[in-house]
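So, here come the structures, one by one.
Across the two complexes that follow, chain A remains constant while its partner is chain B and subsequently chain C.
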Partner chain A sequence: MPHRAFFAFLMPSLLAMVLFILLPLVSVGYQSLFSPPRDIEVMSEICSTNFLTGVRSCEQTVAIEKVEGPNIFRGLDFFCGRSVLACDELATGWAENTQGFGHFWSKTVLNLPLYKAIGFTLFYTIITTPFILVLGLIVALVVDNLWRPLRGVTIFASLLPFIVTPLVGSLVLFWMTDNTGGLLYAITNGLAFWADDFSLRASPQATWAVIAVYGVWHVTPFAFVVFYAGLQTVSQDQIEAAMIDGAPRIDRLRYVILPHLMPLITFVLLIHIMDAFRVLEPIFGFQAAANAQSVSYLIYEHLVLQADKRYGSAAATSVLTILMVFILLLPVLIRTWRDFRVAAR
Partner chain B sequence: MKMTRIALAATTAALFSASYANACAVDGSGLSILSAAFPAVEALQDESAACGAATERDQEHKDKINAALSANPAVYNAVLGANSTFTSANSEGLVASITNVPGVAELPTSMKVEQDGEVVAIAVGANAQHLMVRADVLEATGMDMPTSYEEVLELADAAKAAGLMDYPLSGTYAAGWNLGEEFVNMWQATGEPMFVNGTEANIENAAGIATLNMMKELSSRMNPDFLTFNSDAVQAQFEQGSAGIANLWGTRAQKVIDGAAALGVEVVMGSAPTLGGGSTPASTLWWDGYFFAANQSEEDLARAVALAIDSADADMLAKGDNMSLFVWMMDSYEATPAAAGVFATAGNGVPAYPMYSHMGKMHTALGAELPEFLSGQESAEQALADVVAAYNAALAE
Partner chain C sequence: MTRKHPLALLILIYGFAALWVVVAAFPFIWTTWGSLKVETDFFGHWTKNLSGVDTLREFGAYFTSLGYDSAFSEKKQFGQAVGNTMIITIFTVVISLTFGTLGGYALARSTARYAFVLLIIALIFRAMPHITLVSGYMEPLFSWGIWGETWVAVIVLVAINQPFTIWMMRSFFMNVPRELDESAMIDGCNRLQGFWHVIMPVMWPGVITTGLFSFLLAYNDFTVTSALLSQQNTTMIPRIAGFLGSAQNDGDQMAAVAAVVTATAPLFVLIMIFQRQLVSGLTAGAVKG
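Moving on, here comes the complex of A and B:
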């Protein structure tokens, strides 16, 4: 294809990528460094009257006078703020710490919102990934070996958790953890030998575990459907050749099917890591904000839950999220790049 | 009580007025009003819509208000909000003064919210968290309706000992806004100012510790999932019969009464309890009402105010079960049994929820930093220090 024609074909998607991906990224980067000028605070008095007693109560309050003007460069203010990287808090905590690194880690680092959130987000990402890959593969293999007339129904049923909206799916599981009669609660409480005050919602450990279970339940169908599609393209000749060579089922899986599925496994891995790192909905569905906050939840908190929007902190957290996703993906990306180089040679 | 103040003439006039159109003294065409979507405000919005105004009802309306009112002309002429949303819009200078608009001067004092002597909002209803206790809990324990939180603890222990329920006590302790509100409620009962020197936080003291300790005492008697309990959950526990004591919103009272009635029990509504021998109920008085966009023409503002006053009138109260939807502030309001708790709490001099522009930041910080204390992972001192640090960080931004 001549270069001109290639570019003509590519142009619309390039344009869309610049508009919808590059520009928002640049904008977020800008907002993490600049802010409008600070408002002037003026004192004023607000009064309301108790409707019953007729007592008027007045409060001195600070009203804000907007200042118009060009945006101000804030440097690393937002990145270093307590809600984001908390540079000062870390420095003070380290300087005042006399009880070793463990104490500093648990009392200072894990007491700060972003580090707490990164802890949970990493846990969720790292714990769910292997389960999703392995379970997805097992389900795909089982369905692939299923009696043909049953396959359609089974595929549909297995896909359901993925089709259900995350918020609704997590709500369903949340109700099952209710300690006045939820199914999941009854089962786990049974395993815990009917402990007093057992709860799946009260401790961080239980909350984290429940959300991870939800994550695996929700995303496994995605891995399954991708792997199942891959299984349909495995060369039957190779399988037959392996059988003639006397390879048992497990060896066929290991030496023929898995290498064939490898690119798809990488694909699912990439997508899931990106997805898992921006986990948000289950925290609402499970009312889990007390015990589990993800990085995305912090951004949401800055932008929506705050009475005054904290665009700076939200933008800085977003930039860090992008960086962290990139770092997490790096091994996979390097591997893909190497494979590509080998293939190109 | 306000029950005696029946504006009989007005009610009769409303009942016998010839047609709906006649009740519309104001032409609302071209006006638009934003509101939440709970029954009481919907009743008001229905009135305005009948007069030709465009009404938008959205439970997430708080996220739109400031952006919509910043436009010139503003997207909405009026917002039917609450003191929290009013404060947020007002601190940005988006709310019009309506002192000189015709009709405002004649409103009852309790409906006028004032800033620096200017009327800036029209309050139409009052809400507060107050004590709700199932009558059978009181009977089985032989105790009186508690008036202090210390008595609430005793009642909860006695009810549990009597084997009525596993966790008789409940409360809106969900992490986030609800938990922040519980702290503010309890704090008010200490009588200490929450801020000094303008915006400086004043909670790292004995009053802060006392507030947190009582919250911990209460939560230790609740179902261990208490950090997930919002108003819906607490109401559901009353309806299921799994809880019998809670300090819950007045707007939920009717639902709690109905739910308990289905179980064959009654619920006693009382004032929010006091703390540590004080006399101030541990609650906050909220108002819902109209405030108006600063960015609109004088004619539109006058019409919007007239429409708001016309919507919140005796006419509206007389329709359907509107009377029982709220503790209305209009003179023609007659209290229903569900309102008894809000009346008792207001009568005991509950303070209004603070209308400081920086209150939202404190509220968010409380809701985010207190769960670790209540779940036993942190000391009270550490939790308060974290709240102040989070608040200061928000303030600095």
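Moving on, here comes the complex of A and C:
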């Protein structure tokens, strides 16, 4: 395709992405390093004489004075701020710590917002991933073996948790965990024989677990659909050959089907890890902000929930998040680039 | 293809399928049913949601539209949010598809190195959480005095979804043989005519599938719409989030429940009509790599 035609066709899309992704990205980078001059607090004394006693007294008041002027370079101030990398807090925490690294880790590091959020993201990813992959695979295998007319209904039901808005999905589950007798509360209480009153909302651990369950419920359909499509392309010759060789079902699964699905498993894994950084709506849906905050939630808090918007901290957190996602994505980028090179030859 | 399974395995398969369908779909049925009850039934003991004793006592019927009346009332204005959502999703889908179809076609037909570079950059853009861009929008939008406008949100949603859209459209265009373009050009079409009269007629399934995902991205968006729209221009999902904050104060949680069911209903219909396209779209990126 000639260069001119290529750019003519791509122009609208390219323009949209340059103006509304690339430039905002530059702006985010800029905001993480520069900010307007801070308003200064001016102390002033107000004195008055009491009408009856004639005693004159003064009191100090603080007035906030707006400072106009060009943006000031803040260096790593925002990156080192308490709600971002918290350099000072880490340094003092380490200096004052006398009880070994484990103590420093749990008492200092895990009490700082960004590290807590990364910890939550890691927990969410590590706990949900195996469930999503295994359940997705089981559902795919099960649907693949269903009587054909039943498959459509099953796929319809399966798509619901995935397609429905995360806020709606999490609310629908959250309302069922109501501890005045919600259905999920009743079921888990029936199963949790060791506890008298097993509330799903009482502790941070319960909140984390409920969000993880939601994550599995929400993403398993995606894994299922991808694996199901993969199952349709398994070579029937290989299956038959394995059957003639007398391989039992479990071996056919292990040596024929799973290797065939391997690229898809990697794909689902990758998408899921990247999406873990996006977890935001469930924090609202499950009213979990006190116990669980994701990286996205931290940025959202700086920008939307705070009356006094903290652009610098939000931008610095955003830059770090993009870097983390980029590093995770790097192997895929390299592989995709190689595929292109091969295809172009 | 026929496969013979022993009875025990068949029972396991059908039992698991039934269990999975219940786990996936039941919460929605439960909530839809409960949205037609009074609050003490839906948020009370689960047996009360089934029987609806309080609803029966208060209204003399098993169902009541109380929650819906409250959500769509003058005060809560959920109807306004429904209208806003319709406008924003329609414009976002139409513009996204127009841009994405043209761009995806160019990317599918070019073998130049810069085309690949652009695709890789789009892939990075696609992987970034949307919230990371929001501070890049807010500051300029505030200073230009256009924060909160509907059309701004539409433009942002279009742009933020372009990486996804061009990748998906590209993968569909890759399935249309190049020979089709070439024969059209030999027959005297220019590129645009060839694209419109020869390629597009076979591309509609791809356009519909990509359109569905553009729709879902715009319809389900919370991040962009809640951060960039003013209260009166806001869409359904941020409005529902707003109900949650005020629900405890008002003692009116049923409005939120009714709003949730209202927001889910179009998706129900969508999945029912376009199930095949959704499945093919979900796998388009995966199976073809």
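Quick note on the criterion: the second predicted complex is superposed on the first by the 261 of 345 C-alpha atoms of A that agree within 3 Å, B and C clash if a C-alpha of one lies under 4 Å from a C-alpha of the other, contacts with A are read in each partner's own complex, and residues count from 1 in each chain.
Assume contacts are C-beta pairs under 8 Å (C-beta built on N, C-alpha and C of every residue); 3 or more make two chains touch, one makes a residue touch a chain.
If you're wondering where the values come from, they're calculated on a predicted model, not measured in any experiment.
Once the two complexes are laid over each other on the shared chain, residue contacts for A:Ile138 go to chain C alone; chain B is not touched.
Of the two partner chains, chain B and chain C are each touched by A:Val304. In the overlay built on the shared chain, the residue A:Gln287 is in contact with chain B and with chain C.
Residue contacts after overlaying the shared chain place A:Ile46 against chain B, while chain C stays out of touching range.
In the superposition on chain A, A:Ala192 contacts neither chain B nor chain C. By the touch criterion defined above, A:Ile72 reaches neither chain B nor chain C.
Of the two partner chains placed around the shared chain by superposition, chain B and chain C are both touched by A:Thr180. Within the superposed three-chain arrangement, the count of touched residues of chain A is higher for C, of the candidates chain B and chain C. Of the two partner chains placed by the overlay, neither chain B nor chain C lies in contact with A:Cys87. When the two complexes are laid over each other on chain A, chain A has residues 178, 180, 287, 304 in contact with both chain B and chain C.
Of all residues in chain A, only 1, 3, 5-10, 12-14, 16-17, 19-21, 23-28, 31, 138-139, 142-143, 145-146, 150, 152-161, 163-168, 171-173, 175-176, 178, 180-183, 186, 217, 221-222, 225-226, 228-230, 233, 236, 249, 263-264, 267-268, 274, 277-278, 280-281, 284, 287, 295-296, 299-300, 302-304, 309, 311, 314-315, 318-319, 321-322, 325-326, 329, 332-333, 336-337, 339-340, 344 touch chain C in the complex they form. By the touch rule above, chain A contacts chain B in their complex via residues 35, 41, 43-57, 59-66, 78, 81-83, 89, 111, 113, 178-180, 197, 199, 201-204, 286-291, 301, 304-308, 310, 312-313.
Across the complex, chain A is touched by residues 1, 3, 5, 9, 13-14, 16-17, 20-21, 23-25, 27-28, 30-31, 34, 42-49, 98-100, 102-103, 105-107, 109-113, 115-116, 118-120, 122-125, 127-140, 155-156, 158-160, 162-163, 165-166, 191, 195, 216, 219-220, 222-223, 226-227, 237, 240-241, 244, 256-257, 260, 263-264, 267-268, 270-272, 275, 278-279, 282-283, 285-287, 289 of chain C. Only residues 2, 63, 83-84, 87-88, 90-93, 109-110, 112-116, 120, 123, 126, 174-177, 179, 198-199, 223-228, 230, 240, 242, 285, 287, 327, 329, 343, 346-347, 349-352, 354-361, 363-364, 368, 371, 374-375, 377-378, 382, 386, 389-390, 392-394, 396-397 of chain B touch chain A when the two sit together in their complex.
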